[in-house]
Every structure is written in structure tokens, then in C-alpha cells.
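The same subunit A turns up in both complexes below, where it pairs with subunit B and then with subunit C.
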Partner chain A sequence: MTAPATVAIPLRTEKKRRLPPITISIAFAVLAIALVMVFFPQIAPYDPNFIDATAILQGPSPAHLLGTDQLGRDVFSRVIAGAGTAVLAPLLLATGTIVVAVLLGLAAGYARGWVDGVLGRVIDVLYAIPALLVAIVVVGVTGGGFTMALGILLIFGLPSPFRLFRAAGMERVNLPYMEAARAIGLSHLRIIFTQLLPTLRPLLVSLLFLQFTYGLIEVSSLSFLGLGVPPGSADWGRMMFENRATLSSNVWATAAPGLALVLLAVSTNVIGDWMYNSHEMKEKHR
Partner chain B sequence: MTLIDDAPAVLEVAGLSVHAHRRDSPISITDDIDIRVAAGEAVAIVGESGSGKSITARALMHLLPKELTTEGELNLHGRSISGISEAAMRKLRGTEIALVMQDPFTMLNPLETCGAQLTAVLRDENGKTLSRAERRSEAVRRLAEVGITDPAVAQRYPFELSGGMRQRVGIAAAIAGKPRILIADEPTTALDVTTQSEILELLHQLRVTHGIALVLITHDLRVAFSVADRVYVMYAGEIVETARSAMLDEAPAHPYTANLLLAEPPLEHRVEKLAEIPGSVPAPGERPTGCRFAPRCTWATQECTTAPVALTEVDGDSSHVARCVRIDEIRASLSDRVPVIAGPRDESQDARAQSPVITTRDAARTFGEKVAVVGATIEVRPGESVGIVGESGSGKTTLARMLVGLTRPSSGSVRVGGIELAGSPSRAEWETVRNTVQMVFQDPYSTLNPSRSIGSTLRDALRMVSTSDLDNRVGELLERVGLPTHYARRMPVQLSGGERQRVSIARGLAREPDVLVCDEVVSALDVSVQARVLNLLRDLQRDTGLGFVFITHDLAVVRQMTDRVYVMNRGVVVEHGNTDDVLDSPTDAYTQRLLASIPR
Partner chain C sequence: MSAPAAISAASETGVVASQRRPKARRSSTGIVLRLILTRLLTSLIVLFVVTFVIFLFVHAAPGGPELALAGVDATPEQLAAIRAAYHLDDPLVLQYFRFISGALGGDLGASITMREPVITVVSRAATSVTLPLIVMAWMLSVIPGVTLGYLSARKRGSITDRVILTATILGATAPVFAVGMFVSYVFGIQLGWLPFLGAGDGGLDTLRHLVLPAVTIAVVLLASATRVSRVRFIQVIEEDQYTFARARGLSRSYLWTRVVLKNAAVHLITWSGSLVIGLIAGLIIVEQIYGLPGIGTLLIKAIGSRDIPLIQGITLLIAIGVVLINLVVDLLCIWVDPRIRKGMEVER
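For the complex of A and B:
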């Protein structure tokens, strides 16, 4: 920066909990590996659904790095194949939740009045009902499948991000630069999209990662309960569900997808946190 | 008050330097500060933002954050306190040396009564806490010391008190332990001018009655002169000049001091052009090697930039030193630089004859129970500059917001460009209003959207007129407010306060309005920067016939900038007329009090 502005020397400095660079590097590495598995599932040594009746419930070996499950399918290949739903479904869910939450939240926070009242009460009702429970009941009873499960999780995932964006909208709506935009004659929609939304960028990015983590756990929980993805799919939650009975024969058939789940969830969380912090530092560093 | 040079010093600072540690190399924030305060003396440390004056004040109290390290000798009554432990320093704070903070709104604990905060540290001879009755009478006695005679105040919470009252309570707390030195860091900056004069008077009284030496930190030379015996002028982390107040006022020896005095808008008369200081204060780590003021100094030559400059005596007067190598050479030309007093205003202007652009009739605004504007009737004619002056709570900002339609009147009439804003104007009528009047806001740090570049902010405004040739028009707009066109690509954080305010003015000009409403546009800026923004606005008025509504608390700014003025108090216009008439011979008691409160 070639800023002629004065460098603010803080009179009160706040100690910030900062993650060591190594943690962040590992988080990015995990995410990169997950993405490779999503886009190049052909790196798997076996067809994930190939049933080898001669090699059932084997432990790890050079032929099968993580052993095989009760149908003789290669666990390592199935973990790679499972990355697809593990990444894409939560990503879809997170994006959808945020888009809807931004629209509703900013509308409520910017307009206030009856819009805020109606939206706020609806969201309060949603907040009171546990999402997973509704998903289990509805999907279980109707047999609605994966799309319906995602839809339900999306709607019930709205309350927290909605409140966040409503608060952000309320906080910013009376700032001088917003008033200046009104004084200059910009329409309300323009103000929301060109003035308000850009200031939310750090929030959006970090929230995307956070919602991704939530989504990953929720979608996997559904799969683990046997809902959502069809039986036999190479899905991490589903794999843990199907192999838990044979835990003593090949522990990796259950542990590997579980570990993959934990690693991905922690990594995305760390990355989101880091992105928010680094953006915040940039804003503060005048 | 006279200074006795050989009176024992209660506070002596020698070679005080403060460093910050960024990554590998230390960055010096202040260098080699020498300050001497005699018993009962009042000194002021004056400087613009970035000069290091607040850091110095905190260093004296050992109150710097851990990230900053200090060097140098600090002596209290001849006893060194440089390296003493935090525990030992804590014993001295309050009893030997005390600090009054700038912001009366945050320095008191909002959850405790004023009385409790005044007596919290008190112990009797045996180290026991005092009884409830003793504490109460002690609190009342202390409040009386700072001029609060109502004993009920001790039972009140800080938020129930005005800013001036809170500052008094803060001072009472600071002097509770009978310190011999009181450091006041911008104690009146957040206060109205009438309250300011009361607090300054109180500080003066305390020196007389308690014999407390005062170290006043301020950005305002006038305030410093009115209170202090001697003044230290700081610039970019070092002291550039020290002298007795009267001497500094009459014959400043350092170009920076001289410029600062000239940049201050005078209250008594209108000047042709306010003196500006080009450039801005260099940030720590970017300071030049020679004289730090040299890049902004009109007298600078080769010799100024080669080596660091030492403080030297001026005219053999040991109490007057300045950090300038060319003191003797430029002495004469420094004192030559007097502002040209403007002639009488051009009364032949046909503005009076033209019909007004803005008229309000008994425009009132209430917020729930609170009445912000009781009923204001004002007029603004084309090309005219009108001031609305008042203290905080006078309703001047609410009135300004009504003029641009950001706040709607509860009753009465506000007509802008022929459109009645009290009704419900149509979309087309709003367009007319926006093309007639635009606003510039007070705070340079929140007036621009931090996530958008200067260019996109200005394009938003220009697009309301037409969508063609936006980039060139952004460039023209920036040039009109004296900024280079490549600033369009910059983000607000990369701009200084004055530059942001100029961008904000550019945005106001984008729709080519007839009148620009300026709400305290310079109150957050340093004096030298303020002068530049005020000159810009005056040029705009002269060159393009732009009209102004100037909302301000500063009567000197009103004198410089306006043709007519409305004085507001508690939501009512108490006096109005030609600016010179009102300021020279005010008829309303409130206006008279306002004028009398200004330090000079």
C-alpha cells in the first residue's frame, strides 16, 4: 500500500488468539486432498462398488490399503468415492442456506417494520424445532430421499445466518455511508446489493465454511441413520453405518470414513476462521 | 502566573523515547522528549494527530501497552521512576501523578454511582475501608471541590450526567489522592465550547487551591495558550518548539508553529484565504532524516534535510527553544506572514433578491418524547452560504437532515426546490430534491463505504445523472476537489481523513446540486487539514456559485465560511442575521455566552 494515511499505533492492543501457520497449512492440504478426490475419483485403485467375494473383511494389506468390508469392497476406494457427496452436498446446502439467509436477513434488517416482524417470528418457530429430527421423521416416513433431506436441512439451517445478516443489516443501515447513498438517491435494492452486500464479504466467506462444516455433519448423520443416500452408496456416513457391525474384523472400514469426516470438518472450520481473521486484520490496519 | 525557572521541578523528563516493535525492526514513535514541569506550573503539549503527544502522556504514567518500550529518564521530585516496578508505580499513580482522560463518556464505570467511584480507593489511617456515612460525606466534599454542589450527584450513575459533569467527576477522581501533577489528555475535546471553558477554569482553580502542576495535552493552540504558562509543540514524534505561551503566540520561531497558528481560522475577522500546510504528518517509520517538517516547509533548503536538527535557543532566551536550523534567517519572513483580512462582503450580490432554494417554516421534529427541533424557520438563497451554529443537542444536525430528506419533519414545512418534504413527494419530485440539495457528513472515517473503491462510490453518484463516460467524469470530480485522478482506484482505508472528506464533498457535487449541506465537515480534522478543506469549499462557492448550509459548533468556521448565520439552542433558532453582525454584536444572551466561552 502506498497509503499516505497515518499508521495507527494502538494505545490498547488486544491479544488475538491466532492459529499457528502450520495448522492452517495442514487444513488447506486436507481440503486440497478432498477436492482431488472429488474431481478425480479415478485415482482409486478399485471400482468402489466392485464386490470381491473372495476377499471379505480383510485387514489392511498392500493390495487393499485400508482392507475390505463385509462385501469385499475396497475401503480405500470407497473413501475416495465418498468424497463426492461429502463435499458437494454440504457445499450445496451451505450455499443455499446463505443465499436465502442473506436475502431474508438483509430485507428484515434493512426494512424493519412488519417485514422484520413476520420474518422474525417465522424464523423463531424454525429455531425451536431441531432440524435433524424433522429430517429423520419426514424423510423416514415419506421415503423422500436425498433432495428432500437437503431441502429440510436448508430451511431449518436458516435461523442463525438469518439473524446474523439481520443484525449486520441493522447495524449498517444508519451508518453515514449508507445515508449518503440514500441522500444521493440510490434505490433501496441498489443500496442493499451495491452498498450493503460488499461490506459483508468477510462474513459471507467465513460463514460459507462454517455452514459447510455444519452441513457435512448433518448430511453424514442422516446417512449414518440410513436416510438420505440410497443403501450401498459409497458415502462416509453410510459406510460407518453399514460397517459398524464388523468393527472387530476390519476397524478401518468404519474408522477411515469417520476420520475423513472429522479431518474435513475441522479443516474447513479452521480455514473459515483464518479467512475471517485475516480479513478483519486488513480492515483494522489503517 | 509566572514561571520561576529555578523552582524545583516536580516532573522532569529527559530523552524520553517510545518504540514500537513491528516484526524485526523497532519503529520509533517519539524521540528524545525533554519536559520540565515546576511545582504548580501549567504546561501544555500541543500537536496534531500522529505527533505522539498522547503516547508521551501515557509514558509519563507508565501506562503504555506492553508492545511499546520506553527509554529515557523520568524524575518525579528528583526521584527516578524510570525503571520502577508496576507495584511501585501504582503507589505513585493518583497520589503523585494522575491522569484525566479524553472521553468523559467512557472513562467512568457505567454500573457504579459517581460517589462509589470517587471513594473506592479510600482507606482510613489503619488501612480499613471507610464507613458508609464517611464515604458519602467524602464523596460530597470531593464533588464540591470540582464545582458540583448538588450532593445528589454522588448517588447518580454516570449516564445520568452531562458530558461536562462527567468530566468533573473524572477530575474529582483523579485528584482524590492529592497528586502534585495532573496530566489531562484532551480533557475538553469531546465537550461543547461553553462546557469547555468551565472545565478549563476548573483546572486553573485546582492549580491555585491545591497547588497541582498541570500537564495539558491538546491539539488546540488556543486552549493551550489560555491555560498553560509554557507550551511544548510536538510534531512527528519530537518537540519542535518550546516557549512561554505569550511568546509562542506572538513570535513563533519554528515554521510549523507559525503555520499552525496561521491555519487556525480567526474568530474576529474574515481572511482572504486560510494558510494551509501542504502534505500530511509522516507516520512513524516514514519520517525523514533531517528536519521532520522539511518536506512540508516552505522555507526548507538543502541544509534542512541532511542531518537531524537539535533544539537551539531563540534570541538567547533560555526558555524559548526551537528545532530549526534556519531560525535566524527566516525570523523576519516568519513574522511577515500575516493573513490578508478580507474586505466587507459584497452586499450588492443579488442573492437577496432571488427567491430562496430552501425554506422551512416552523419545521419541527420529535423522536418519541424527545423534541429535537422545536420549530425552525430558515431560508437559503441561491449561491448563499448559511451557517447553522449550536452546541450538541441544539437540533442543528436534525435540522440539516430535514433539509436533505433523511429525516422528515413531524410538523411544519420544509420546501426544497419547490417540493414540500413534509408531504409525500413522488419519485420525480424526490429527484428534483436530490438535484437541488446534497449533504456532506461529519465523520471522515465512516462516510465512505470501506469495501468499495473511491471510483465506485463516485460512479454510484454520477450514474444518477447519466451513465455515459463515467470514468472521465469521476476523474473530473476528483480534480475539482484537488485530488489526483488515480485516487479512483484507491480504497477508503488508503486515504487520510482530509482526503476522505474531499471525496465525500466530490460525491455531494456529483449531482450538481444548488446547495451543499455540510454537517460539521471539518470538526474531526486537524487544523492544517481543516484549512485546506475550508479553502476548497470557499473556492467552490466562488467559482461555481454553489450555495452552502454550514452546520457547525465552531464560530470561527462560521465567520470564515458563511454570509448569514442562524444560532440554535435547544431546538430553537435564537438569533439570526448577517454573520458579521451576529458575531460582532450578538443580541441574544445565548449567543453572547457562546462567544465569551471561546478561548483566545
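For the complex of A and C:
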């Protein structure tokens, strides 16, 4: 059985699919632009909240590059101002999710036994509950703000990163270097943090980008339903929600934040995918 | 994948298979029964968690339904009367128990704002809008998605593959509401091909109104279906069994249906189940964009007016739907893949 298999393998090795470098460069460029907008909102030509009643719903012009919304606010400036929540909220969410998932996932994968059993069942239950649905209902009913939305999305976003880290922990726990660490008498905590965690760095970084993408979509979906961020804030999802009634008079008031959102989400997704694939973690994904 | 890695992977699976052999001797009906029982138990816990969490938050929320119903000018006596009528002052545990025991008997109470039984309101919204929408989106996405995945996997690295791949990245990442705004603007406003607001007057007219919303959902679903089936097809093609089957000179149609599709089936079924579950929030958003009076719009309205029975009823019914989908997925997997019936680990 093994002989034909070994013969056949060279036939099947094909060039690994790689995203063209240009795609990756564009993705990084978009991310860089978004970061510039976050840290230097002063580049905006107007105050994003300045209401100019004499210039309502104008189309794009040299004075207003992307026109104005129904309150006469400059759309271009609001898109720049919106980069703040668009980057920071998902970043916070992604970091939080990954930190909790790493701790729980490695604990389950390393310790096994009842810890694994209990955590596994809890995660199974969380996995079957649609996160956004709970977030919509709870945030909508309580009127709870951003913090509550992020908290709920964090808890219900745990299952897939938890499973990845649990699998990674299980895979490594019996490798020689781990046995060596135990043999010289390192404590379990120390083994997890000094031996296990550093080997997971590529997975951590790529997951940060992927979780950022999911977070961005979830948070802005809530904003689009009018939940989470307060009314009138320069948030991309919220802007689309507030401007969609005037779609036919100034399409850019809705399209610009939407486009910014899609570009950022696709970029971080492409970067995360690229990192994930280049470390060949994909096969281990379950 | 490099050659040595492939060999080691192959030998590893060999070891696993031989270790599992004693286990496989257990009767398959026993294994299947155990699988189904664990699933049912998890489902019950899911239902309990969802209803309890929603219940707690809904009741802890400020501004109860009496304010929405009587308005801000209502006297404290009027508010108290409304609270008493809907038993809102009873202990929470008692209220939860009443809700659950009612639900077990098929009674979800009456909507406070619409003054109709929750079941009636929800089933009207579901049958007229939400269910046809899901079915349409489903038909537009799953079979075309698997076909695209096949086209893409058959010739990896070709132009077709690259075009499909790029399109799926875009489609799977773009948020549903952005796709929805784009579709309604281009096909509804600019081209004026199809209606993009409201659900029409029933029958064929409603179906016409559902096309753009269904297309919106289908864009996201199609991209995910293509992506998932492509990855899984490629995995199976790289397995030894495919090479072996090809070496024996079996026809292409046999290879794809009996070898690739059958091996990928469990994975695809599991994924299509979780896609539907992930889609629920998307459904709410799409109904909002196109002004459709479906379950999502009903839920948003109920939240706005603090209509507690309606919120609880809708979330319970959605949770039951999710649980049922998971159950159907599991049963389908057991039916399709004999390895699960033998209690073996299967790549999902």
C-alpha cells in the first residue's frame, strides 16, 4: 500500500497556491491608510460633526470631496473620523477574544481530563448560539452601549479560536521538548508560558487579523442596526444606517463608509489568510 | 505539502486506524444512539441558555413595556395596572417558569403591542417572508457554490480558479448590509429591474420583491460555499485514495461523485449547517434594508417597544430552529458517512 502512495506523491505536488504579492501589498497599504486616519484625524478638511445647514445633501465637489449628508456634514471628514472606532473596537475585541481563548484553549489542550471536558461542553453550547442575535437582542433591549456589545461578542466569539488553541496544545504536549521541560521540573504554568506559547506566535498573529475582520463586520452590523454606538457618531456602520434614506440624492454619503468598511475588512482578511496559509496551519484547522 | 510530510501523514492515519479497530467492533446502532442522545442533551442546554440569558437581560432592562404601551404621560397607577396585567411584578424565577411551561404546551403568550398570540404573529411573518427568503437564498447559493468549488478545485491555479478565488474573498468578507445597499442601489434604484422596498401584495408579487434580498444573502452564502467546497475537494484529491482510484482507471464522473463528493459530503453538510446559523443575524439586517415584514423586522420592532413576550417568543423559536438545523446536520452526516456509524473520527 505504501509503495504506490510514495510513487504517487511527486505527481500530486503542485505549486502551492499563493496570493500574488500585489494583493498582499494592496492589503497592507489599505491597513496603513486606515491607521493614518486613526492617528491623524486632523487631516480631515472639516470638523466631522460640524452641521452646515446651507450645504445639505450636496454631491461631490472640490469643497466637499464626497459631498455632504442630510445635516450638511462633510462625508469625507466623517469617513476619516470613523476610522477610529472601525479600527479600535475590533482590535480590542480581537485581542480580548484571543487572550481568553489562548488561556482556556491551552489549559484544555494541556491538562485534558475534566478541565477539557467541562470547557469543551461549554464551548459546544456557545458554538450553537448565534452571537450577533444575542448581541442584537441584549444590546437593543438594555440600551447598553459599546462595552456591553463588545463583551457579548467576545464571549460568543470564543469557540473557534478556543478549538484551534486546544488542538495546538494537544498536538504539542507530548513533543520531546515539552517532555524535556517537564523532566527538568518546570511548573506547568511556566511550561505553558515559556515553552508552549512562543511556538504559537504565527498562529496568534494570523488569528489576530482574522478575528479583527470578524469583529469589524459584527460591530459595524450592530451599528448599522442602530445599536452600540450613540446616534450621530461618525461610525461607518452608523453612517450607512443614517444616510440610507438619502441614497438617491447623495449616494456617496452611504457608499463611502461602506466602501471603506469593505476595503478594510477584505485587507485584514487577506493578510490574516496569507499569514495563516504561509505557516501551513490550515491543515490543522478543525 | 512536501513529500515527506505526506508520507508521515499517511502512516499516522494508518496507526490511528489500527488503534481504533477494537472500538469499531461495538454495535453501530449503539454508537449512533449515543451520538444522538449527546446531541439532544446539548440541544436542550442550548435552548435553556439562550432563553434564560435573553430572559434575564430583557427583565433587567430599564423602561419596561408599560412605558412603551401607555406612553410617558401615564400615571403611576396606570403603569402599575399594566404591570399587574402582564404579571411583570412576580419574582423572575416564577415568570421564567411560567414562560417555559407555557412554551412546552405550545403557548408563547400574547404580544403586548400587537394584541395577538405570539405564535400567530411569528408564523405569519415566517411563512409570508422569512421562510421563502431562506429557501430562495439557499437555492441560489449551495448548488452553484459546490459547482464553482468543483470548477475551481479541478484546475487549481488556472485563470478560472483565480477569478473564482478573488471573487469569493470579496463576497465572503463584505458585510451583508454593504452588499445589500449595493444590490438595492444598482438593481433597484439605478437599473430599476426589481422592487427593493416592502414585500408586495402576496403570491407572485411577493416573490418578485424577495429576489433582491435573496440575491443579497446568496452573495455571502455563495462565496462561503464555494470557498469551503474548494478547500475540501482539494484535500480529498490529495489523499491516496483518489490517486489509487485514478490509477485504476476509473472514469472522471465516478471519481468525482463516488470518491471526492462522498468524502467531502460530511464536511460540506456540517458547514452548510453552521452557515445557516451564522446567517440569522444577516437575515435580520437584510429584512431591515428591504423593509420586509419578516421575523427579523418583527424582532427589531419588539425590541424597540419592549414587547417582552414577543422578544422571548422569537428568540425561543430561532433557538429551536438552530437546534433543529444542528440535529438534521448530524443525522445527515450519520446517514451519509458510514465511518461515523462506526464511531471513527471524521474530518469535519
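Operating definition for what follows: the second predicted complex is superposed on the first by the 261 of 286 C-alpha atoms of A that agree within 3 Å, B and C clash if a C-alpha of one lies under 4 Å from a C-alpha of the other, contacts with A are read in each partner's own complex, and residues count from 1 in each chain.
Note that contacts are C-beta pairs under 8 Å (C-beta built on N, C-alpha and C of every residue); 3 or more make two chains touch, one makes a residue touch a chain.
Because the structure is a prediction, the values reported are computed rather than measured.
Asker: Regarding the shared-chain residue A:177, is it in contact with subunit B (first), subunit C (second), both, or neither?
Answerer: In the superposition, A:177 touches subunit B alone.
Asker: Please work out whether A:186 is in contact with subunit B alone, subunit C alone, both, or neither, and reply first, second, both or neither.
Answerer: A:186: touches subunit B, not subunit C.
Asker: Which partner reaches more residues of subunit A, subunit B or subunit C?
Answerer: C
Asker: In the superposed arrangement, which partner chain does A:194 touch: subunit B (first), subunit C (second), both, or neither?
Answerer: first
Asker: Is there a shared patch on subunit A that both subunit B and subunit C touch, and which residues make it up?
Answerer: 2, 4-6, 9-13, 283, 286.
Asker: Hey, which residues of subunit B end up touching subunit A in the complex?
Answerer: 20, 29, 49-50, 54-55, 58, 64-68, 280-281, 283-286, 404-406, 430-431, 434, 438-439, 441-443, 446-452, 456-457, 460-461, 464, 493-496, 499, 504, 507, 510-511
Asker: Which residues of subunit A touch subunit C in their complex?
Answerer: 2, 4-6, 8-15, 17, 121, 124-125, 128-134, 136-138, 140-143, 213, 217, 220-221, 224-225, 237, 240, 244, 247-248, 251, 254-255, 258, 261-262, 265-266, 269-270, 273, 282-283, 286
Asker: Using the touch rule from the top, collect the residues of subunit C that touch subunit A in their complex.
Answerer: It comes out as residues 1-3, 6-7, 10-11, 42-43, 45-46, 49-50, 53-54, 57-58, 60-63, 156-157, 165, 169-170, 173-178, 181-182, 184-185, 189, 231, 237-238, 240, 243-244, 247, 277-278, 280-281, 284-285, 288-289, 299-300, 303-304, 306, 311, 315, 318-319, 322-323, 326, 347-348.
Asker: Which positions of subunit A touch subunit B when the two form their complex?
Answerer: Against subunit B, the touching part of subunit A is residues 1-7, 9-13, 175-177, 179-186, 190, 194-195, 198-199, 201, 283, 285-286.
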